[in-house]
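Structure below; questions to follow.
In this document, chain identifiers A, B and C correspond to the written order of the chains, with residue numbering beginning at 1 in each.
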Amino acid sequence: MITLASDFGTPYPAAMKGVILQESDARLVDVAHDFPRQDVRTAAFWLREVLPYFPPAVHLVVVDPGVGTDRAAVVVRAGDHALVGPDNGVLLPAARRLASEDGDIEVFEIDLGDPASSTFHGRDVFAPAAALVHEAGIESVETREEFSSVAEWVDLTFPEPTEEDGRAVGEILVVDGFGNAITNVPGRVLDGHYGGTVGVNGESAPVEPTYAAVETGQRLVTVGSHGSVELAVNRGRGEDAFGIGVGDAVSLDLD
Amino acid sequence: MITLASDFGTPYPAAMKGVILQESDARLVDVAHDFPRQDVRTAAFWLREVLPYFPPAVHLVVVDPGVGTDRAAVVVRAGDHALVGPDNGVLLPAARRLASEDGDIEVFEIDLGDPASSTFHGRDVFAPAAALVHEAGIESVETREEFSSVAEWVDLTFPEPTEEDGRAVGEILVVDGFGNAITNVPGRVLDGHYGGTVGVNGESAPVEPTYAAVETGQRLVTVGSHGSVELAVNRGRGEDAFGIGVGDAVSLDLD
Amino acid sequence: MITLASDFGTPYPAAMKGVILQESDARLVDVAHDFPRQDVRTAAFWLREVLPYFPPAVHLVVVDPGVGTDRAAVVVRAGDHALVGPDNGVLLPAARRLASEDGDIEVFEIDLGDPASSTFHGRDVFAPAAALVHEAGIESVETREEFSSVAEWVDLTFPEPTEEDGRAVGEILVVDGFGNAITNVPGRVLDGHYGGTVGVNGESAPVEPTYAAVETGQRLVTVGSHGSVELAVNRGRGEDAFGIGVGDAVSLDLD
């Protein structure tokens, strides 16, 4: 199985699929091709949240503002999974989550020779590399000459929230398609507050386990499916109602 | 085969696919993941029109504004097909169409124990249930303890048009991506009028079998691929040209 | 393998897939379903660029503003590939590219009897025809009664650029989702200019092999993955920065 994710829209992902299918009968599953253009951080967040639900697979990821520069192409081995993409950090949060049982990841630089283009390595480097890893097996990265173990790579981490004296302070990591503003604050801080309220940047808001627990159009604070605190509106957009966006600080008063 | 439909956009459907693929090698086919957010009625319309073209399958549908409330999760058995989703009516029009040969549907409540989240039952309830129905076989809903036959469920029906004295009165059920305004009036009312005109809410419009029978930008009344009367514009948007939208009344004068 | 491309958005492509899957176990791969509505020329461009990356396949294409008129439905045989769609030229540029080894294409008209609708031949004509060609084999178009060889068809060609006295003159064929304005001028005209500048409609712009070679927000002229000259902006939209759109003339001064 090979999953595919990019910021390409259409039809560029189809060219990647064609290239893979020249070499492999792998099942192909799209994760998303509408990640915000060249936004490595948002893609990294979603991959971390979605890829762990898959059985062992090769995950092809192309969000690559540095295409054609000397940034490396890499395979990250994480447990029974392999991630293939640019060395810009986009693969790392998902890789650590996928490897969580033993915690170890290994990174290999890819060298397939000179690519046909400088502007579409998704088609000319990453897709052939993903097909090769799939066909040769994930272990093959240890021995095949196309792959070289490296000791350093570009990392990407999300900020850690702080918790102190009944206050949790974090930030909005992403806003999803429903307008839910997803924070980095762990959902457990809401334990004991369901049915009550918390302060959100100084204003009180109800805490509920599910959107429809409040009236249509009303704000709520809840735990999203990612396990972190989410600012939402029942049948509406939390980002608008809370006046908040990606990167903004969120201070939760829990007393 | 498992089809998938939702109002999730991306990348949430990929999490559902991952969950299914942990348990099943089923072919996965996307119906749509861009149904209007939390619009049960529009999704129900499109599923009714599209699912009957599929061979026997399990159809996973998640348009679920009541997620996390006490609305049930259900499997609807309809002929050789099974539909899995929330008990909010979204499955019913398609189920009746799929069962049309003998007309019978059966509804079973799903109990897979407490889901991991209150906000993403697509991933935590419906996807595992669809995989289970697929792997165990559609008949298994009769006997497996995860499924309980129920006598009552939430239904959803579309309004019936009226026909009297050369006038058919209905309403716009949906507008498709081309801007075609699709009514609930059966296309046969146009028989004998092709090449002529009918009155649409008091204004005359040509009746033609196909869009390109009128000039670019001109209005027409035709029969859409769903078999019902459609208000359209050749290479344009019928909803704009007729000044009409979902839920609006349409009166067709056929004399 | 059957690829699918259209301007349908969703959920109409799912009806085509259901129809195919009634008759065939073919792997289905989406190329794009968000081609600009009824824009035969843009679809033809993208198909020419993407389909050659696929292994031998049946390619189902429905961008069909003349649906229901007397325009023919055709299969184009090109090398080991077959393309199925309306006789409006949309298949031809891709077919010539796919046949490039021997250069020959053959066109066959499709007759499956009266279709169920006049407005959705994707579902009622092209999908069944694609399934038939896939199941019977591409050679079957020579002998089966549903297909008749024809000597004339609607063609579609893109304009040829001119090169003279250090100036190349062409036009913008399409703008991709990143805002890159793709010309018909072959990329080789930039050889020897990398790291320098060229004139674009009278204004100087840097020539670089890759987007990130210039600062964020800066314009550049480069060779896109299609092998032709592209007007771009690093992490921005070339169409805006160059003030240029589809069909506009582009004059490159190369001295």
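Please note the rule applied: a contact is a pair of C-beta atoms (placed from the backbone, for glycine too) under 8 Å apart; a residue touches a chain by one contact, two chains touch by 3 or more.
Keep in mind that what you see is a predicted model, and the values were worked out from it rather than measured.
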item	value
Chain-level touch network, classified as line, ring, star, complete or other	complete
Degree value of the rotation bringing subunit A onto subunit C, based on Cα positions, nearest 5	120
Copies subunit C and subunit B - interface residue numbers shared by over half, same or different	different
Geometric centre distance via CA averages, subunit C-subunit B, whole Å	32
For subunit B, residues contacting two or more additional chains	none
Subunit B contact footprint on subunit A (complex, rising order)	1, 3, 5, 27, 29-34, 46, 49-55, 176-178, 209-213, 222-225, 227, 230, 235
Of subunit B, residues touching subunit A in the complex	8-12, 14-15, 17-19, 21-22, 28, 37-38, 65-69, 116-120, 123-124
